[in-house]
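Pasting in a structure now, in structure tokens, and then I'll have a few things to ask.
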């Protein structure tokens, strides 16, 4: 029996893997950080029996409530990720599974590898209507890449989509893949209407170093990028520094910052109601976007979400708040669950890579609903 | 140079095909009828030059206004149907094209063959959630086939989708193919939500005989099926007789009857405002459906459409009117253009098979918007 | 319960289809002929039980020995054709099957429709290295179509591939589809080597009328085309007349005439040893081709086959004999089984569409082995 | 302008990348070794012009003759790798290319990533006839993985296929992917015949550490694995130690060790004529295999290859020699070119990933030709 994690976004420590009935594991912390919750490893076992895998340090992870009602994902072929029986007792997360093949992968959510990320970028650039722009380098020396979809033109709105500031939230990049597929589909009426009115600036992965390292929440040096938007630096948070600089250079009429949420079993958005400049126009844009997304998919809802900020009390180091304040326009954090969508539960797959892609496609319809009103 | 139409849905008569600059053609009438407008033929030519194909009897076809601003479709590989230069002078429709391969097909719209129809039915029946039900036989001895999607249950609404009463309106079956693909997609939130609340009864092709024969508008004996819903007969209109009987047997909470329109370059719906029983509930359902479809796709619109019927003056021989009156519920005729959608024109493809499929997918979102309120 | 055959290549007569345990059927004769053996029909049944289908006139069909050890093919989705339990008592062929879906197709072998035939032709013509040439018309008014692969050039050998003179032998057109796919594959070394040395003249379907009509062996007027090569006529056998004329016009250095055999459970070739001109060169070419095909696939063998003709006693009305005599070169009839390859039996699928395609691909390797030596 | 190589199998050092007309680069040496020749990097450039990339240390690489008549490969989408203009002056290798997209990858040969490697292993294990067996760990902590195809049985021959001891020879893993695809194809006669007689032990990547690190020839600590077969150690060459141990444990009746050759523009095999035990039986097996591979594909040849070893003078540290001596049976090193196959040149693609896969498929036919005679 062998457990390995020496691959893209792998994360596990093996404490004891001798008894299939009692495999003891722990999640590694993000480098230079105390955050941990993302796991991704492979079990290779010759034993034809139930295996019990105990993640013994679950209780002190970044979001212990995230383990309640959570089911881990697994895959035999690295394409089809299904949910497996998982229990949490307040301290330990236990996965119980009878492997149907010699080797099985387990993960916190369907992984999105750096190879797939590069495939996404380069297949997109081949489209006549899409350009790949490099913004600079991360601390581990990876590329910060942006796709520009549509012909830039002063008359067009500038819509920014960024994803995966928190690298363990892989659903965010699946969301972008779905959104991008549709945006480049020349037969799609929503995409064609949007591209007549807007240019898209898309950063599919804000944190490639954390992604490859198997981090939950931070970059190569343990920095939470979504608290860096007021004062990013090339030393601590070049990922934010470079993208923020480009936003200031090119302008911005709308932002979606795409995330995953450990606790809530719902898709939802978090707005900028707490920023000092918040006004009726911004509130109206938020309401229109939400209304449109509700109309297009039952996967979205507005009942559950984060507590609303008090007026003027928003944390301006957070991307969507900083953007809203800076550009006085619509800036949403969009959250998808690690668990399932409790409004439309799917026992076999839970919330998934495929459903994330579909939500990305549907988000375009909601953007179309507000595009004419975007901007200051 | 050779022009042939001896295949599924083929329709042309060759008057003179000796000079590539002046090919003289005529469309055949539907059998036992004066209707004609559908054409579908193949040109095989050794001449590396522009070909001019004149359809000399266009001016007396069923819908001469349909030729205004119309561009014919063509294909080299029978999969990719593009628009070609077409002009109408009030009498003759002239297609001007320089073929890039030895053989090129021309048609009024992307054909949908009987083989593909049977593939659609039988690939669908393989889904655990779909059943194929045979209703009886047409006058040419073909099968009248219905797909049932979802587990029938008294608590569920009964949604009927029928298409292609007029066989030359092939976009109607493309629409159904798109709708069905989505309905059977287990990862799709709209489909899953709908199937929790409704069962779908889908007749992808109401007129297989006319389809294979290359008719525009009628069945094997020249009968316009969409004027038969009050008094269908097994002798003249078994297609309607059989489906109507099944509707009466199983019940109906909503109908979409899918069509193509020769004249208007728009997607639109025609309601039942003229039926005697029309009431506020029906009006509300119509409004909700339209509102939802507007929200989901810019391909739909409500500005252009048929003149509204006077109260009580609806033609009850028409399917959607008969259904609305019979079942006191939402019954829409949905129309797609043979031309293009003038709100979102695509010079290369016009309104197309692919766009029809996407509209079929989007229609499910609009059905979901009304499903809870359906029924008397 | 309903049995229908009103579609492309459908053939069955229903004698009695009221009792699932005792369905009585008969195969229709080819038009104006006594040949019959091909069947193709659909059973639609609401009964969740075993069905017994008796083909009552099997014992007097064209090849009664063909039913011994034969298993019929069936399909739910019209793509995957599997074998079903079949017995023959000397008079009646009985298919025993418990349908797993509402509707199931049965056939003598996996059908190859006219729509697929046209798709094959037109997708091939889109290749820069392939041309579609029309030769004329059948008696039912269908097109006699030929594909030319490779740039004609006096230095190149002329290789002719024709298939499906006997329309019920659908494996012949599957074989051609496989051969053609490989020939157009620009990464394939065998194809590239061949096209440097030869041009291919391919007639994928010699008998489209019989194919659509659901015939076993003859054209629209009951003529066995493979007995027409000495004196074809436009009145009785235009299919042969037109192709033979083109062979005489363009020349021919090698022929494969592709068939299916009802009796023998093997793949084999039949040569021209009985033609008057048979000589050592022709014998050597035959031997080389056989040797090469043996080397490339265990699906081929030379132990079983037709009895060899006495010297000079060949029937010159048969295509490959006429060709060998006329062009003094390699001309083979290639036969595939309706049953299975007994050397490599596959209980689930028997000899199949897919295996026929693979044999077509492998045949190119054997042609490459002889191409340099072809011709008089 | 930016040149990066911080990804799977990336290898380049940028000396100066400021002037598109004169980009100065160098290849990094394998870790703890002087070998270098593999390169793989991405150019991102805003300049719409020809770019000249000079690899300045080409002249002192492992195989300087490998640069003669060599054309580098490039890709915009990371799937389609085409050849680009490349010149070698004895010191510097110069790639001249006008990029058609913002970003273009260059490599020594089409890369085969570790992610694809894991996909290969895990999609294969899902086949009922294939098992994934883990053998142990590399020095960088990666898995040494083996696929077992077929049901082990004492009556069956044991065929071993290993690839990519030299990690830069990526064609070797493409070859294995092709071979494996065919071996798992249940419709393929060669595969079915083989699996009735043999079990396959396949190690798709003998050197995962070197592969990920972007090495040409060695593992993580600079060891050339193909000189380690007499005395491998877990400290220096665990990759060989583990596989060799398994060979000794399970037995071996045939070996193919798959490689790429820098110099010769041909596919060829190198046998075991120099091992002490070489005998007539081994010579006969070698001859039969070569004869069979010649018969199946013009991509293979026997005119060009390595000089033959003197009797008894073989280097027994080389895998195929050690295996031949140890197991007294057929053991071939199979070589494919980095350049092109000069017998069948393809200016656009040269020898490629796709052609390597096809050769892997064809190799099965040659194995079938000898399988009955394998073993001592």
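Order as written gives the chain letters A, B, C and D; numbering starts at 1 within each chain.
To be clear about the criterion, a residue touches a chain if its C-beta (ideal position, glycine included) is under 8 Å from a C-beta of that chain, and two chains touch if they have at least 3 such contacts.
Since the model is a prediction, treat every value here as computed from it, not as a measurement.
*Asks:* What chains touch subunit A and also subunit B?
*Replies:* Chains that touch both subunit A and subunit B, as defined above, do not exist here.
*Asks:* Of the pairs A-D and C-D, which shows more C-beta pairs in contact?
*Replies:* If we tally the contacting C-beta pairs, A-D comes out ahead.
*Asks:* In whole angstrom, what separates the CA-based centres of subunit A and subunit C?
*Replies:* Between these chains, centre-to-centre, one finds 55 Å.
*Asks:* Once you find the CA centre of subunit A and the CA centre of subunit D, what distance in Å lies between them?
*Replies:* It comes to 37 Å between the two C-alpha centres.
*Asks:* Centroid from C-alpha atoms only, then distance subunit C to subunit D, rounded to Å. What do you get?
*Replies:* Taking the mean C-alpha position of each chain, the two centres sit 41 Å apart.
*Asks:* Counting only residues that touch at least two other chains, what does the list for subunit C look like?
*Replies:* Residues of subunit C never touch two or more of the other chains.
*Asks:* Looking only at which chains touch which, which shape fits best: line, ring, star, complete or other?
*Replies:* Shape = ring; chains linked end to end, path closes on itself.
*Asks:* Touching pairs of chains, which are they?
*Replies:* Result of the pairwise touch check is A-B, A-D, B-C, C-D.
*Asks:* Which subunit D residues qualify as touching subunit A in the complex?
*Replies:* 2, 4, 6-8, 42, 44, 75-79, 101-103, 105, 113-116, 118-119, 121-123, 125-126, 131-134, 137, 140-143
*Asks:* Going by the contact rule set out above, which residues of subunit B touch subunit A in the complex?
*Replies:* 186-190, 192-193, 292, 295-299, 341, 344, 346, 349, 352, 354-355, 358, 365, 368-369
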